[in-house]
Amino acid sequence: MTEVLTQGFLISLLAGAIRTSVPILLTALGDIFTQRAGILNLGLEGIMLMGALGGFVGAYFTGSLWLGVLLAMLIGVLFSLIMAFLSVTVKANQVIAGTALTILGTGLSAYLYRSIFGVQKLPPQIEAFPAIKIPLLGDLPFWGPVLFEHNILVYLTLVLVFVTYFVMEKTTFGLSVRAVGEHPRAADAKGINVQLVRYICVMIGGALAGLGGAFLSIGFMNTFLDQMVAGRGFIAVAVVIFARWNPYRALGAALLFGGASALQLRLQAMGVPVPHQFLLAMPYILTILVLLSVSKKAQFPAAYTVPYSRAER
Amino acid sequence: MQSYAVEMQGITKRFKGNVANNQVDFRLIKGSIHGLLGENGAGKTTLMNILFGLYQPEEGQIKINGSAVVLNNPTQAMNLGIGMVHQHFMLVRPMTVVENMMLGLPSQRGPLLDKAKVEASLRELSGKYNLKVDPKAKIRQLSVGEQQRVEILSVLYRGAEILILDEPTAVLTPQESTELFKILKLMRDDGKSIILITHKLEEILEIADEVTVLRDGCRVGGEPITPATTKSDLTNLMVGREIVCNFAEKPPCTGKTRLVVDQLMLKDEHKLPVLNGINFSIREGEIVGLAGVDGNGQKELCEVLTGLKPSSSGKILLDGQELIGKKPSGFIKEGIAHIPEDRHKTGLAMGFDIATNLIIKEYHSPRFSFRGLLNFKAIQDNAKRLLEEYKIKASGQEAKAKDLSGGNQQKIILAREITSSPRVIIANQPTRGLDIGATMYVREKLMEQRAQGVSILLISADLEEILQISDRIAVIYEGQIKGIMDNKNVSIEEIGMMMAGVESGEKAAC
Amino acid sequence: GGGDKQEPAKQEGNQEKKPLKVALILPGKIDDVSFNQAMYEGVKELEKEYAGKIEVTYTEQVYEVANIEPALRDFASQGYDLIIGHGFQFMEPIIKVAGEFPNTKFALGTGFKTLPNTCVYDVKLEEGGYLMGTLAGLTTKTNKLGVVGGADVAEIYRGHEAYKHAAKLVNPNVQIQELYTGDWRDAAKAKEGAISMYDAGVDVVWHSGDGIGVGVVDAGKEKNKTVLGNVSDQNVLAPNNVLSGIAYNWTPVVKQIVDDVLNDNFTNRNDKFYWLTVANGGITVAPFHGLDNTVPAEVKAKMEEVKKGLAEGKIEMPKFEK
Amino acid sequence: MLSSTGFFKKTLVSIAPSIITISLAILASALLLLLTGQDPVEAFQTLFWGAFGSTHRIAETLVKATPLMIMALGTSIAFKSQLWNIGGDGQFTLGAIFAMTVALNFSALPNMLLLPLSFVAAFLGGALWGGLAGVFRAKFNANEVITTLMLNYVAVHLLSWVVRGPLIDPKGHGFPQTPLLDEALKLPILLSGTRLHLGIIIGVLIILAGYLFWRSTLGFRIRLMGEGHHVARYSGIEISPTIVLIMVISAGLAGVAGWTEVFGIHYRLMDDITAGYGSLAIVVALLGNLNPLGIGISSFFFAALIVGGSTMQRMVGVPFSLVSVIQGLVIIFVISRVIYTQWRDRRDGSINPGVSNKSTGRSY
């Protein structure tokens, strides 16, 4: 157990925490928009899967990773339009709409993958985004390997944290989003197109969930596998609520979850004398425990999950 | 030839089951103040929502400044210079005043917010019209009066030339109302055209140049206001009869003390005292009016007196029995009825129908349930009776609470609370938003309860109301009772002084 | 559709010309790069070889345990002769349905209960684990090895234990890290797990198959360390890092079962267990490919010795069972 | 009095949207099937036949409907009060674990006692898992969507441990499963030769009880909670204990579903016994408009879709993934049916909130 305290272990753990948290964080950042606008999108899991597939297909056929990223985001947007339509236009219950989307996305991504690539002996692969060691910073002891030896998408994600904060707090669009989530009727009365803002927010969520999925297939891994998202879409929703809709706190929450996941793997490998199932459950238990300590302050957007209709009062 | 800012012709609007506006004509002369009158549910708000582009009428035409327009959304209306201050404020509570002002408007810095700029124009505007408000304050920290100002400022900031104010004074103190009228006159002098919806006829007489009266969705009349116009002229138009009320000769109350409140304290989440040692008592068959500027602890006092909030310390004795420590259900059982200030979130289950709303406190009593199962027949019968008795206007007892006009919503609460045979009624703003007919009815009902020995705490922003039916009057200021006096020897001025925090010399004991 | 009738009596008689109808029910996907795919390919291979003699239908992703019984019953009542349920979760349903369809033959992929018309086939993963343990123990430079599994089930457990056992035999100084991802699909989690091992100084990691294995191979590639594959020759995935691995060939076992059915040997057979072993060519060691010259001759010799020993049943192993 | 034609017309008008949208879903799926080179007519015939083609198949459909209706009814109780309990899978699992633990550890007790005891244990197991989330919500304001979701994952690993550790079959050669239940503890089969077991009767009884439940004062209290905590408190309801109570009832039923599934179908515990019931129960509950009868019908509909879908998968060779695509499409089209109603009402000049608003609303 003394290994835990070595520097090498910590570096490995922290770098692992970052890698593990990035797909969740990307998706969560997009979902901050969606949730702030008052929509609970439980379809993110399905959207991420479609994005993972889109990213891989794009990269595989064009040979360009960036085109893969683009396709992933595009597909994420298109797929999220279903959610937007159901929750905003149809005003359907969002829990059921999201569940349907996840069922659809899980099936469709597997189906399309098989249709496109057929049954192969070994999965087709691409060259994933390589790790980039940032000059100078990458040479720092300890923090260099922890922070500055990742692939470009990881850095991009960190930038997106700031961008999300900026857009939400400093732009007219962000103001509209917050108003729409808090009091859609007031927003409407002030001339904000509530439906449009909600559509856009769901689509931003879709784009970033698509990217989050693509991070798995062409950022971290170099292939698409069925159901490879494995619950990260749901975790992202949790991270957003957990972070009380704040991008910086989302960064922390995603890192916490990623860190717990990375830690449990390492504890297992080291042979900690605990049944491995308990270690596997640790990140989820930890999430609950932390949630308990931060929730008192949580103020949900007042119109959370409430569809808006002018005619209704 | 007068020029009209607004001309609406033959407007018809239906909601499932009922016609809210039926072939309504409405004209607003440029540069004038126009009163829009009508009983609760007459269709005033609906008509104005149509003018503001929130609802689209099934029939009818709208002309703004002489040219025909189609208003599909509020943005189009705002672009035509129409602004509306809604009956229920359209403010986003967790946001600041400035942020609320900016909502939906393009910014001079493109996609970026220009808070500083907006704040400057806001200060300028509020100086010009004497509408004081802190631009950086969050809406939820503001009193209703201040929120009202924010709404008006926001409308002005958008360059509105035509202003719609839907019952702006319902939530204001007399002083605030006076302030508001000064401002409205200022704006009229500035060339703006104003539509004012109110149930307070004296306000119309004071300020309006013209009135339009709606009844049951139809326009039943309209005329210029002259110095000769009287309140009864207007009531006649509105309800087709005169409303007389005379509460003067009520017998003095002699009952024994029922409710004693002793040194009641309550601290808010920041540990600041909201109730700071409240002392008073109410006798059997007595109405104690509680005057005070909104936000001085009235809401919290009601919540403590009904068990919704636990007090920090102090005593509440009902016929000598301590109530503190009981749950809300305990207070209900002891016969404390509560007419809450927030009818939407607290007083009513908006998604439930009327019949159900009438029993939400009593569903488990043997009257409405048997062996744990609800007795639907009893529930429906109860509703039928009360709907009639309280003249609740609705498409039926299956109508949802949220589909009723504000006045009718209030009547449901009253009907429920009063028929629960209470020992004490805590009535917080019981007539806010009610038309005069309904207002008089409620006051009569409260008097009736008084006559039956019920003790009533009447909280109202309307001093007239307090003076009209209270036996004694208390004034609350910063969580303390500044004085309790007998209704007979008190003047509005005196109360006004105390409401502003000036101690009264003579404390009447009862 | 049609043919839902249960007519067990009719099947045996007019069977002279008709090909043997075989149904393969897989809990996972035919391209899971693992347990299911290996079986699917094994059966397909035999179908090619026995063209005209057998006819194969398959259905995949019958992972919901409650759906197994209807699937078995469907195929049985449609007159399939041999129905293969590929996973131990098929055990109870097969015993039940096989009792109702005594003329239909059933094969159960891992398990222990049998009836006259059923058999069990299983892989001696401990032999594979033993081989990989030997190789890993001999090639490690840091004396630190790893093994990554998906879900912890009986044959995987046996494989892991044999791996650890064999590695310690050839290299008593070796330390072994082991972890499970707890499912069959989260390859990213497996990759992170393998990375953590490499970061901790492990230089050879074996994975015990399942869909997650791709993640382990990817980790080896990224960290440029040695990976030992599973299920099939996975060298193409990372030619510089996949030193070897074990590969399954399920055809011999399926062939034995089919032959027994065709020759009316199935029901009478005493040993109802068919094993995929080194001896029958069901388990092989993948070639070193481009890394061949990095493997010392002694290591190659030792591997040959172990293979031979396993094939001849001369290697003693504890019984790895929980 | 309605004339019979009038009644017929009225019924037709009210079910028309559902029929239209289901047809559209089928059409969309048919297109997908065509694209893969499958014969859609054959596929859907098989789907229908697979679900209803024989007594045996109808029995299978009922077998699938059993856990769905029980769980969905539980889900509906939480949803009505605006508590988004999406932890059905975990609660189902805990119910199964508790029941099995009792059945295996108290085998000395007479079966007459043990069976009901295991039922109670299942309810308590589910209730514990849901009640935890309830306490978290009531005491810590922790959002139940997250906690129930996280508890699902924890339950998966807990079950994994249980079947490999404490409850592993000692004679099971190390396979991760518990011993089989005693014959006498298996729920009786109602129709021999099928798997139709007593669970369906329990399910129907629970649906009927649900009917009574919403007419009870407790049901009223729960509906009132759904109208907002302010008005509920004002009406004399204590929020925190009621939240916990709601979660306990809701989750307890999921636990009971775990019991019927294990004692009626599997007779033992192993991994993956819940696969997917939790999210399907959500769909069933909401499509059934959170109303017991609606839940009964929609659970049957969904069971048919699943049973028929897997038959289609086996017999027509439609890939499994396409079956879940069809499921997803059907849900999406069915919830979109309100669009039709909205359109009709707009055409008729009246506003209708539509089905959606009954089941959606403010959760906080």
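In order of appearance the chains are A, B, C and D, and numbering begins at 1 in each one.
Keep this in mind: contacts are C-beta pairs under 8 Å (C-beta built on N, C-alpha and C of every residue); 3 or more make two chains touch, one makes a residue touch a chain.
As the structure is a computational prediction, the values presented were derived from the model and not from experiment.
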Completion exercise
Label-sorted list of chains bordering both chain A and chain B is D
Problem - Other chains in touch with both chain A and chain C - result: D
Fill in the blank from the handout: Looking at Cα centroids only, farthest away from chain A lies chain B
Practice task
Report which of A-D and B-D is connected by more C-beta pairs in contact.
Solution key: A-D
Exercise for the section: Could you please state the distance in Å, as a whole number, between where the Cα atoms of chain A are centred and where those of chain D are centred? Expected result: 28
Practice task
Please report how many Å separate the Cα centroid of chain B from that of chain C, as a whole number.
Solution key: 75
Practice task
Round to the nearest whole Å and give the separation of the Cα centres of chain B and chain D.
Solution key: 45
Problem - Centre-of-Cα separation between chain D and chain C, whole angstrom - result: 35
Practice task
List, in ascending order, every residue of chain A touching at least 2 other chains.
Solution key: 110, 114, 277, 280, 302, 311-312
Fill in the blank from the handout: Residue numbers in chain C touching two or more further chains are 29, 152, 182
Practice task
Could you tell me which residues belong to chain D and also touch two or more other chains?
Solution key: 157, 160, 164, 319-321, 351, 357, 361
Completion exercise
Pairwise, the chains that touch are A-B, A-C, A-D, B-D, C-D
Fill in the blank from the handout: Counting only contacts in the complex, chain C reaches chain D at residues 1, 4, 6, 29, 57, 59-67, 69-71, 73-75, 88-89, 91-92, 100, 110-112, 151-154, 157-158, 182, 321-322
Handout entry: Interface residues, chain B side, partner chain D - complex
Key = 14-17, 58, 306, 308, 327-329, 331-333, 338, 340, 342, 345-352, 360-361, 363-364, 369, 372-374, 376
Handout entry: Touching residues (chain side chain D, partner chain C) in the complex
Key = 45-46, 49-50, 53-54, 56-57, 60, 63-64, 156-157, 160, 164, 168, 172-177, 180, 193, 195, 261, 265-268, 270-273, 275-276, 307, 310-311, 313-315, 317, 319-321
Fill in the blank from the handout: The answer for chain A against chain B in the complex is residues 170-176, 178-179, 182-183, 185-193, 299, 302, 310-313
Exercise for the section: Write out the stretch or stretches of chain C touching chain A in their complex. Expected result: 29-33, 37, 41, 146, 152, 177-183, 185-189, 191-193, 195-197, 199-200, 211, 214-215, 218, 232, 234, 236-237
